[in-house]
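Here it is, the structure, as structure tokens.
A, B and C label the chains in the order they appear, each numbered from 1.
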Amino acid sequence: MKFSERKRDVAIVGVGSTRFGEHWDKSLKDLIAEAGFKAATEAGIRGKDVELIVGGNMSGGMFVGQEHIAALVADTMGLQPTPSIRVEAACASGSLALEMGFLAVASGMYDVVLVGGVEKMTDVYTSGATTALAGAMDLEWEAYFGLTFPGIFALIAQRYMYEYGLTREQLALVAVKNHDHGFYNPLAQFRKKITVEDVLDSTLVADPLRLLDCSPITDGAATMVLVPAEKAHQYTDTPIIISGIAQASDTLSLFNRKSLCTVNATIEAGKQAFSQAKISHKDVDLVEVHDCFTIAEILALEDLGFCKKGEAAKLYEEGEVWVGGSLPVNTDGGLKSAGHPIGATGIKQVIEIVHQLRGESPEPVQVKGAEIGVAHNLGGSGATVVVTVLKRGD
Amino acid sequence: MPQTAVPAHWRKYKERYLLLGMLCETCGKITFPLGSVCPNCRRAGKVKPVRLSGKGKVYSYTVIRAAPEGFEVFTPYVIAIIELDDGVKLTSQVIDCEPEEVHIGMPVQVCFRKIREEGKEGVICYGFKFRPADNSWKP
Amino acid sequence: MVGIVGYGAYVPRYRIKVEEIAGVWGMEASRIKDSLLVEEKSVPSLDEDTTTISVEAARNALNMASEVDPHEIGAIYIGSESHPYAVKPTATMVAEAIAATPSLTAADMEFACKAGTAAIQACMGLVKAGYIKYGLAIGADTAQGQPADALEYTASAGGAAYIIGNSNVVAEIEDTYSFTQDVPDFWRREGADYPSHGGRFTGAPGYFAHVLGAARGMMNKLGTKPSDYKYAVFHMPNGKFPLTAAQTLGFVKEQLMPGMVVTKIGNTYSGSSLLGTAATLDIANPGDRILVTSYGSGAGSDCFSLTVTDAIVEKRGRSPPVSYYVNRKKYIGYAIYAKLRGKLRGFGE
């Protein structure tokens, strides 16, 4: 996009999220309302102030039989006749919603936009959820033969291990780190530290990936309020500016990628977002990457350019990616520990960066003096990637 | 799940039974799957179906132990990305061997197998799978 | 003239030994092996059925008869007692999978274990009458053995495909003769999981009456005797029946040995005599004569007198021989066997 043609900068002035987990007592509507009202309350806005709603949701249809999510969101929050849009890019639906909300405000045509994401995954059996998630891959040529999402990332992990010599122990460190961080996140699905042995002992799901390599099935919603940066002070003392946001696409199927070990959409979106924000890698204080499976985090750090292809494992062995290291990754526990309600994840990632830049994260995981954060949200096996750069607006 | 759609199955019979790919007569590239647009030339490409080589190598693989609906009885089964001698890659199961025997680079050849059934009363879905290449019978 | 232009075989990889099955029911394996002359049987994988077996066999036949363009096949008949659908022919799925569609006739046949040879006769008629250039006849089965029943030791899976034509044949079919009567020796009602059979009644009034009747009828018609034939193939429900029939007719054991696949793969039902014939053709020399007699319960036998031609020398070796499939195997125990044969209820239903 022609980022420099934007009429004005966009700021995030309010955020809200449900706890992520198995919410047997909450429906899709309940989750939307809870997150939505939290964000609105924090921003100090009333319903009549909202001019546009953009919601990300992967599959209300397959998980709970509900479509027309755009209308459902507006109706649940009592916001009719406010216009409402629903966007979908599998696990990147949340950041897609942010991207659309950003365009609406940056264009000068909308002043208050509510962007959010939601997924209600636990009303179906695990096999039903696996089937629904398979919709993010090529139905006719991948899912048809019995491939699952853990299977897709297992194919990637197997090839990566073959090409770069990554070991099972090194890969497990991704999950260990994310649980180390998630332990301090009051909204995380899992708040329990784990060891490399725990990961290697867990059940095989799709060789070589085990249960603890995989993000869970989760219910949850997350919402943010976007306004023009020039008006942000009316809502908050700590506005966070979207200094770069870019999206790229790649083949739907994994087998048609140029390489299994590289997500080209991440490289493209990352380059553009960094260029828009006029930052280099050393300027970045923390990153939220899409660890739907442990191997995805390894690929993301490399494809975003934080290290050379094949060398991310070193960052884990040297402790650089924990809080306190040179590049903290997934300070809220990522998808693995905090949970992965598909449509909400992209929003949740940005919310974590907002908390960090405001300096209001729990002390053990607060990145001291954080000024610039990057979020990386990925859909399917890498067919959609959105990279967002955020900076303090004060 | 959309897979119960009979017309959707039928549309893919020839491709799944005969292992068809796509040849672009404009640029000469062979790709998979069959579609209406050459990934290289887009609208400028004149495409037609072509029967792919039944031989290839395992490019990557995994063993599915937590199956999606309809595949529960088959676990554990191997799914791989196969690189055919034509140069195309595709996803398929590897059968007729133990999961432990599968490795990157393993030569394989195509065979015709049942993929799944739409329940006891629904249609039976067939397609291509791959087994370890075996030329031991050649005189 | 009409004959076999090419043929192909397929047998699934898994095997279960008589000892495994006998152990589950507390029977003496050595007694059973001695009385049946069967050591082990083939078991299909969960992703195999009569359609997949037929396709592999047909593709092998087309590789042997490499001069045949599948579009020239004017008829496909598939004989089985385990067609995957009760209504929807296996023949159309196979036709699509070998790229023979759309200009052909097709149908499925059922006559217990002789449906495959009935398919050959149908193709012979269409070829000889000049209606079609080539016909494809297949006999294939994934037979169900009732737990604890005697047939559980032999009911197996496999099949063979024969391309019938009048040019470039590897074996000429000199003539065919059939012997058919209504005899209820073995049957299965619609919806029943397993067939029923008359026990010892299946012997003399069933198998022997028809096999002997058809073989004698064929040799009478042609004026031949057992010693005119280099080899003989009889339907193999077990290893004993064909040897007994052979002895009664005046054949010697050596004439049957190349075709006696039952010992190592069990009774492939509609595939039985066709696989035995393929195994014999795999080693026969030009000029050899082979007498093939199938048997299908219900009851009837089709007999064929074949003469191997010179063309077999060049065409052999283009597809895996029967011995490749017989020797390619992986043993399983009864638990996996029960899973593969769908004997466990409430599973995938």
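Keep in mind that, in the parts below, contacts are C-beta pairs under 8 Å (C-beta built on N, C-alpha and C of every residue); 3 or more make two chains touch, one makes a residue touch a chain.
Owing to the predicted nature of the structure, the values given are computational and were not obtained by experimental measurement.
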Of all chain pairs, which one counts the most C-beta contacts?
A-B
Can you figure out the chain closest to the middle, judged by Cα centres?
B
Provide the C-alpha centroid distance between chain A and chain C, rounded to the nearest whole angstrom.
59
Taking each chain's centre as the mean position of its Cα atoms, how many Å separate chain B from chain C?
30
Mind checking the centre-to-centre distance between chain A and chain B? Centres are C-alpha means, answer in whole Å.
32
Where chain B touches two or more other chains at once, the residues are 70, 72, 74, 93, 115, 129
For chain C, residues contacting two or more additional chains
none
Within the complex, which stretch of chain A touches chain B?
62, 126-128, 130-131, 134, 139-148, 150-151, 154-156, 158-159, 162, 203-209, 253-256, 260
Report the residues of chain B in contact with chain A in the complex, numbered from low to high.
1-3, 8, 12, 16, 31-33, 39, 59-72, 74, 77, 79-81, 89-93, 99, 104, 115-116, 125, 127, 129
Chain B-facing residues of chain C, complex:
13, 45-49, 51-52, 55-56, 59, 84-85, 93, 96-97, 99, 316-317, 320-321, 324, 328, 339, 347-349
Report the residues of chain B in contact with chain C in the complex, numbered from low to high.
13-14, 17-18, 70, 72-74, 93, 95-96, 111-115, 117, 119-120, 124, 126, 129, 134, 136-139
